[in-house]
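Here it is, the structure in full.
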Amino acid sequence: MSVQFELRCPVSADLAFIRDLVRVCGRYAGLTGERLDHLVLAVNEAVTNVLDHGGAAGSVTARGTQDGIIVEILDFAGRLSAGHLGGARVDPTGAHGFGLWVIQRLCDGVSLEQTGLGSLLSLHMNHDPATSVRHLGRAGRERQPAH
Amino acid sequence: MSVQFELRCPVSADLAFIRDLVRVCGRYAGLTGERLDHLVLAVNEAVTNVLDHGGAAGSVTARGTQDGIIVEILDFAGRLSAGHLGGARVDPTGAHGFGLWVIQRLCDGVSLEQTGLGSLLSLHMNHDPATSVRHLGRAGRERQPAH
Amino acid sequence: MSVIAIAGEVDKTNSAELADYVERIRRPRDHVIFDLAELTFLDSSGLHVLLSCARTCADDDADVHLAAAQGSPARLLHVTGVDVRLPTYVTTEHAIATVLATRTS
Amino acid sequence: MSVIAIAGEVDKTNSAELADYVERIRRPRDHVIFDLAELTFLDSSGLHVLLSCARTCADDDADVHLAAAQGSPARLLHVTGVDVRLPTYVTTEHAIATVLATRTS
């Protein structure tokens, strides 16, 4: 689990392919069950936003870390702002989008940086606590993996 | 199937992870059954060689093409030569290695280029003929996917 | 009552298609039961389809019922609070029974 | 006769371990049957383990028998001609029966 990796692929319209890749990377980074599903959904939402609101061009980079995985979604158009992230609300009537809200709700950490190449959204997800023996106390009960 | 993609990851000791990624990419590129398995095995052998005989550092790049997929294995040490490829023999007694022979036997195309970054082995694999309606004649019977 | 089963993965590449389908299938005043047992992935655009169907239904006093959601889709319904806002059932049979009971009462 | 079942994936990261295991298990003059039914991946280094076991066996007049190979491992045995060089069986039961028959004859 400790071997580092970095994987890069372009944002493309094939969301299912990107989901499959993220799933392989997340599993390799030690995520399982619910937390793996959450990562896949969050990345899916961020990539969809690049296709819908951004320049429809960018890249997805997944990198293993000590604690789990970081997936960076780079939007070449560079129009995703901190205001968008901060303004995200959940709206169970469905009158507004809530992709950005879901991303921030599901990930352990979300950060946004404006770079020379575009806006870079970084999603952090730690290992599933329930898979780590040291954390098998309260946290383990709070976050049971699905299986 | 026609959306292009390019995916890059470093050569690492975790061969199982690289196999999983290649499998996802190959499937996305339209390979199935036997031909997908062959691609995975060929890439596994090439990466193993970088770890065993090369500098243990390099990268794997997978790219979708019109006809299938190209996977490039870059060995930073740059010592893989055409002589190695040409000299590869199968030896069913197992006295010698035959990774390079297997690679050339299983892939639709193999090429080697010395670049500034190292030796670049390119493996080409076309779509499974049996999945393409136009090719469902003799070729389709010759190469049945496993399922 | 319309029972609409959604299977596989719903994302932005096919959610508009799903919306069209739902609109075509539903008759006015029908309650709608979404059978999600075979749904393996649902993104926010797919969830919008369910919610916008709920709004249309509400306009003619009908409800949308969500049944048998599993895994990732079930969790999306949960974190967004949609499973509290809309009547949600463990099985489709249960959803159907409830709608039938409401009708006859 | 030793029946050695190999399951999962064998690649360069664990083939040396497999070689040690095979060497430890096998008694002199034993025929070896590799039960490959649960083997999902075999690389050339893993194939080397089978072949080097066959060479050791040959030194004391025993054989290596390959049984129940599936999918990718079966194809590697095939393209390399190993499935012609070594006795190969569709099932492990068949391999065992054959070895037993050889013994009593």
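Each chain gets a letter, A, B, C and D, in the order it is written, and its residues are counted from 1.
Heads up, the rule we're going with is that a residue touches a chain if its C-beta (ideal position, glycine included) is under 8 Å from a C-beta of that chain, and two chains touch if they have at least 3 such contacts.
For clarity, every value in this text was computed on a predicted model and none was experimentally measured.
In terms of the stated touch criterion, the partners common to chain A and chain D are B, listed by label. Work out the mean CA point of chain A and of chain B, and you get 30 Å between them. Chain C has its Cα centroid 26 Å from the Cα centroid of chain A. Spacing of chain B relative to chain C, judged by their CA centroids, is 44 angstrom.
Spacing of chain C relative to chain D, judged by their CA centroids, is 54 angstrom. Annotation for chain B: residues 13-14 touch two or more other chains.
Across the assembly, chain D contributes no residue in contact with two or more other chains. Contacting chain pairs in the structure are A-B, A-C, B-D. Touching chain B in their complex are the following residues of chain D: 9, 11-13, 41, 43-45, 47-48, 50-52, 54-55, 71-72, 75-76, 79-82, 84-85.
Considering their complex, residues 3-10, 12-14, 17, 20-21, 24-25, 27-28 of chain B touch chain A. The touching residues of chain B, when paired with chain D in their complex, are 13-16, 19, 34, 37-38, 40-41, 44-45, 48, 51-52, 90, 92-94, 97-99, 102, 105-106, 146.
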